[in-house]
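To keep things simple, chains are lettered A, B, C, D and E as they appear, and every chain counts its residues starting from 1.
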């Protein structure tokens, strides 16, 4: 069933790319219908799995590369369930955002988006490390073309920088993967890339450090954490709206998900050893990111740096090794996807009308676009982390986790609460309020029903997750506790059942 | 007493003999029929010969390892697949030559004859256990290649390439001769199997072992030159740019297959791979990677870019060789797999270059490809797949073989070299992404070629088929990795 | 005094002189002669070593090497003449358009 | 369905409805809906408070669990509501005064078009819901939620006139300064969570003693930081005067009666923690006293009547905080109650004046308006009297009680009393100054004077009701020696039962009466001075740009707080960020990335330029060099 | 120091001297002639090293056939001897080449000289059966028995060379 989720978008992509869809309009309609069908199917499948226990559900296994010991092994657990759902959600919205923004080669554009989604599904669902790596690297190509072909002026620089930066990190991870496979061979007799086999390996502490570092570098670049973040603003500024939504909504989560699943899952001792330095990097990232937003001139760059800040907070929660922190990190992944996705959607709407991202041109947009003003507010509040919206819940939990681990870390991280409010309100006021900012503002027309639909869904989610966080938290808890149990053997939280192999479902 | 060399010995050399007889047949047919139609006939004969050679190689593979001529020739699973690869590369070169033939007068029977002679010699070198036999085979296909490089009409660059290649090739051959002399001095014979017998028994006195190492190093120099490894690779870009595209392809894919086949014999024969070589290879591998990738970084002439990329790929294969010493590292298999996949990738790339430069008087520039992405979808898609595969990104066969090569290196314990080498693939990715950038992301440039890229006929079909093969192998590499079991 | 070491040293010396010749002389013919000289140094080493080891197979090797050298000279001169027939001055460095 | 849920969620429902469909319904329906919902909420609130009163004093608490917010393995927190005498009083104030202000707003906002009208009432209803959440919270998470939502609604309402940049700036400033306070509050919540493993008041406050003195001080100070942010105390007061950009009903409801008192409410609610650390209480008291005095001095020189009342609010809040700071929680809360009434009245009256003079706020252009607007004048005089502390008015009793406690209370200090007294003197002066400048003396701007007219009944009625309320509420907390009927103290007794008995008797009757006489005298003298200064023809207002004394300039510029903050926080922070952006982000981090790329390309060019120069002999040289390398390595590595 | 050693010394140093001459003379024809002399010295050395067959082979094939080809080529290209700048080009390059050649020589000698000099004295007496009288017979057996495959391979090589040269020649005729 999961394999169907992974490969159905790929099939749709091929259908779109080479199918009979002639003009621009028919292509986008087909894309929308297909994306909604895909989302419905994924929801139906996700609904099936029961997540009371911590193990992997709906597993499917296939001997794909026996010579190298790598197989095709997919599985779903509490952690990856909601990320898959997020991925399914964002695609229709991304398609809607390119509705009339993309005239050139629409079929290829939508096909690439579907291909990207398929790769992202692959990363979230794969339990075989080589297969994970293949999907991880393959996800670069669709985004490369999306930014490269439909991007802004400096798109070439941005897209090549994006691909090479991520590639450099993940190649070192490839060596670490092969090294781990050798470890598996020495300890279990046969070369294996399977995550479940690896979790039971006893990795000597010395090697663990190196392996952790290699994995961490690859994922830190993707998250992005402080020193490795400079590709994100360029990639976002030059990406088309749909590209930005998918990049911010889903691609950044690959890094944090992988950190949680692999770095914490496989290398407990190293995680403890690296805890403080990582926390420091995250703190810098969070505060530095927020400061950067304050001085940006470009609308998208502001949102990009805010992502750096939010993601810094997320990994902070991750490395606090407390239940609150981990749950907060997982929620941040979801909520950031929704709120930043919505922000980029709005940026797209403005860009469609004014064709510029330079903030000096903007001002008083709410007078011309009251409905957008109505929907923009919850998104801004969510980004600031105001209670009642989803942003608050994950920020509260992450800060709580950090505070529980190291109060000083919690205190510094909490500074982002103030800075967050500062930059978000500055942005809101610069764009929305005040007198009309000139000819471009006069020409603004309010958002159409299509735009209202996509933004409305996200705003509804913002409030729903803000008011009922337990909906998500309750069923990610067992899996998160499993990760924590491995991480801190004598964990204060009641030791959840060891990561049982879960329902060994159909081969 | 005269050793009885019977039919059985000849059977081992079946593929080689097929090629050489094929060459003779081609020459005969050309003399018999002087008319234009003979060109097609000659080409068919060459194709037939290569087909037979490939079939015989497959037969040998099925029949399992066997030695002939008193141990001078020893084939096994890996050499046989090398021979199969070489036959296939020959066929692919024919396909390329056919497209080229019309415009650049390549249809002379001599081209096919030389090609077949060279292939015969290459197949011979991959199975020869005797240094002298290897030397003769090396010289045979080198001579053929010098002339092939300088083959066609009086386009100025072409002749310079031939001269350069000849002078440097002869210079390298001289090293081989001296190396052979030293090996003879150390072992009393130039038979590699004798070497392994002596060495494994530990009976060789220290100074003679020193002489053996020196000899082998000198021999390796010539082979490394042929393959285009780092300090010896300088001829590659000039000769590729100078010669016609099918010859350039043949030089890169064929020479690599033959060179590494011989190197495997040379280094593999000596048990435990004599002390100096892993370290030497590590230095050479990294140097080759750097030279190839960095050279290609800002290259605009497509053929020169492919030349530098060929050097870079030699570097990756050398990384695979690092695992030669340790058992079970599958180094030989990874080298074999990489060179085969390279042959396919190179064919797609060179084929598309050949198609694109059809009408141009000047060498094909990256600029000419601008804006072709959506106008010539299938052409661009094939080139894109080739480029992604060469960069070694996952969904393609390039990634699988690169993984195999790095696995071998890591298994051999060369972690540092592996790390430096894998970082190099970032540079190589940058190189190939530039091509994709030109194809898809840049508008048609005013002084670029006006869309000469016509994918038609057998070349078009072969290119697209092999591009799909690259993708298929990437997703379902079962067959590719079956080689791993060798 | 005239052991095989001496002859090996002589062979190496000739080899080095040949290499020096190839690197410095610009006239292709002389370069080619130097390459042939390197071949001959290899032959000398072979002869000396076979004399030391008392084996005749060394001489067979020399025979083959000479045959190969002959073939190479034929092709080499063919190429050189084909190229330098039209050129006024016979200089390898003038042929360096292919670069970069 | 517990009535409390209706109280809380009805305003929210109407807020959402108005915001989405209000514009289409038309002004009448939208306003009607909004006022009705607050009225019904007030009715239900009164009903539940009466229900509460029926309970025996000891167990006068009603806990309502709505749903689970967070359920981590060892820690559970839900969206729980707590009704106890303290929150009971507050919900009555919020819904009661809220309703009156809604009624007033119907008239005041009349000129706005339907969309804006509906939007205003939606925001105001949302504010009522947020304030009720804050007040009814049963654990720290819900109170923090209410805290922030109140901040959001104040941001929306201050910045209501979206076209005006100054309004948007004021809203932004208010929210950010509140957020600074919230940062402290959040830290306190986390410390509490660390210490107690739970956030419910029932679990934390009764066992507050478990906190070590150091921790108690830390939590106390951080809680007070949150309170200071919300109640515009100490350094965090800068946002309140600018909040006057919002419509006047907003100023009345939020920046006078309800929201700003949240800080005092919080300190009262967490008195158990504050009691543990005298240092924290001391800081609270002194901040309150200093704010009271300094704000009062600034109010004396302002010319915009709404700004005068704004600074007066900051000053009165200072008194409440002073009261709470010296341990007299009941006195502080009583002043909160009375202040809610008369300050709402003063703001609404000011609004009525502004409405009449078509937006004119500068008192220097007013005068003699009592003939034109008798009702507004009368009610404003009542309000001003309460504010100034004219004897027998509610303000007099509540402020007097606080000053008494400052002298004799559990944590009394003469300095505190002195600051309080001087503040009270200034208060008397500026309220007199305003009343006489606006209503008495000669009309200074005849044109405006001609057009002035009395406000319609819908604005007048709330004024009257509030005036009556202001006077009546004073009776609830008469001084001890006058009567033993202390309904207010008795009502709040269960909440502060755990406090040591307030040594009521320590203040002798003579002292109390003496103090009363002193205050009455001060009010009379200063009232007279104000009357002399400001009813004459040449009112003593310095014209703009006229050279004024250094002290006047200091007060006029509000002690240069805004300029200081502007420089330290805004410019310095932005400057540093810009430096960071240019040098660290572009320079260092991006620099290295691009540097590596450039180095690779340079190496490529060098390779292609120098090494591959086409000369065969050079290639042969490299070949020979390679051979030497191989031989050398063979020799080095040889076994 | 018998006659043999004297001859050995003469021819050895003769070979070296002529080699150096080839490298340094400017005139190509002189270089060719010096090279022939060098080959003859080598042939003499072969004979002295009990390899008479090779000596004769050297004279006939190498000195005779190959060098004639060279002279023929020199004549074909009618190289103008005058106006030729010095054989070498620029001191820097020469120094570099010299250094490289010296390094090559040193490495080889250092590697090989570990051979015990003494042991290298011709162990077998001049009349040792391995070499002496039946040299031709032993070489023939090495050539045609054990080296039969190599012999055939050389045949193929020569055929390829013929085709290659014919191509180069034919092409030249066409343009």
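The working rule: a residue touches a chain if its C-beta (ideal position, glycine included) is under 8 Å from a C-beta of that chain, and two chains touch if they have at least 3 such contacts.
Quick caveat: nothing in here was measured; it's all calculated off a predicted structure.
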Q) What is the shortest path, in steps, from chain A to chain E when you may only step between chains that touch? A) 2
**Q.** Length of the shortest touching-chain route, chain C through to chain E
**A.** 1
Q: Name the chain whose C-alpha centroid is farthest from the C-alpha centroid of chain A.
A: E
**Q.** Closest chain to global C-alpha mean, per-chain Cα centroids
**A.** A
Q: Look at the interfaces B-D and A-D and say which one is made up of more C-beta pairs in contact.
A: A-D
(Q) What's the farthest chain from chain C if centres are computed as the mean of the Cα atoms? (A) D
**Q.** Mean-CA-position distance for chain E and chain D (Å)
**A.** 103
**Q.** CA centroid of chain B to CA centroid of chain E, Å
**A.** 32
Q) For chain A and chain C, what's the span in angstrom between their mean Cα positions? A) 65
Q) When the centre of a chain is set as the mean of its C-alpha atoms, what distance in Å lies between chain C and chain D? A) 97
Q | Residues within chain B bordering two or more other chains | A | 132, 136, 139, 143, 146-147, 150, 163-164, 167, 171, 175, 178, 182, 210, 213-214, 237-238, 430
Q.
By the touch rule stated above, which residues of chain D touch at least two different other chains?
A. 597, 608, 612, 614, 616-617, 620-621, 624-625, 627, 631, 634-635
Q. At which residue positions does chain E touch at least two other chains?
A. 93, 96-97, 100-101, 104, 108, 111-112, 115, 146-147, 150, 154, 157, 160-161, 164, 168, 171
(Q) Show me, using the given definition of touch, all chain pairs that touch one another. (A) A-B, A-D, B-C, B-D, B-E, C-D, C-E, D-E
Q | Residue ranges of chain A touching chain D (in the complex, touch as defined) | A | 161, 164-165, 227, 229-231, 288, 291-292, 294-296, 323-324, 327, 364, 366-367, 370, 373-374, 377, 381, 386-388, 392-393, 396-397, 399-400, 403-404, 407, 410-411, 414-415, 417-418, 421-422, 425-426, 429, 432-435, 468-470, 473-474, 477, 481, 492-494
Q: Please give the residue numbers of chain D that touch chain B in the complex, ascending.
A: 597, 600-601, 603-605, 607-608, 611-612, 614, 616, 618-620, 622-623, 625-627, 629-631, 633-639
Q) What residues of chain A sit close enough to touch chain B in their complex? A) 64-68, 105, 108, 130, 133-135, 137-138, 140-141, 144-145, 148-149, 155-156, 159-160, 163-164, 167-168, 171-172, 174-175, 178-179, 181-182
Q.
Quick check: in the complex, which residue numbers of chain B touch chain E?
A. 2-3, 5, 20, 23, 27, 69-70, 72-73, 108, 110, 113-114, 117-118, 120-121, 124, 130, 132-133, 136-137, 139-140, 143-144, 146-147, 150-154, 178, 182, 206-208, 210-211, 213-214
Q. Contact residues on chain C for chain B in the complex?
A. 4, 8, 11, 15, 18-19, 22, 28, 31-32, 35, 38-39, 41-43, 45-46, 49-50, 52-53, 55, 57-58, 61, 64-65, 68, 71-72, 75-76, 78-80, 82-83, 92, 95-100
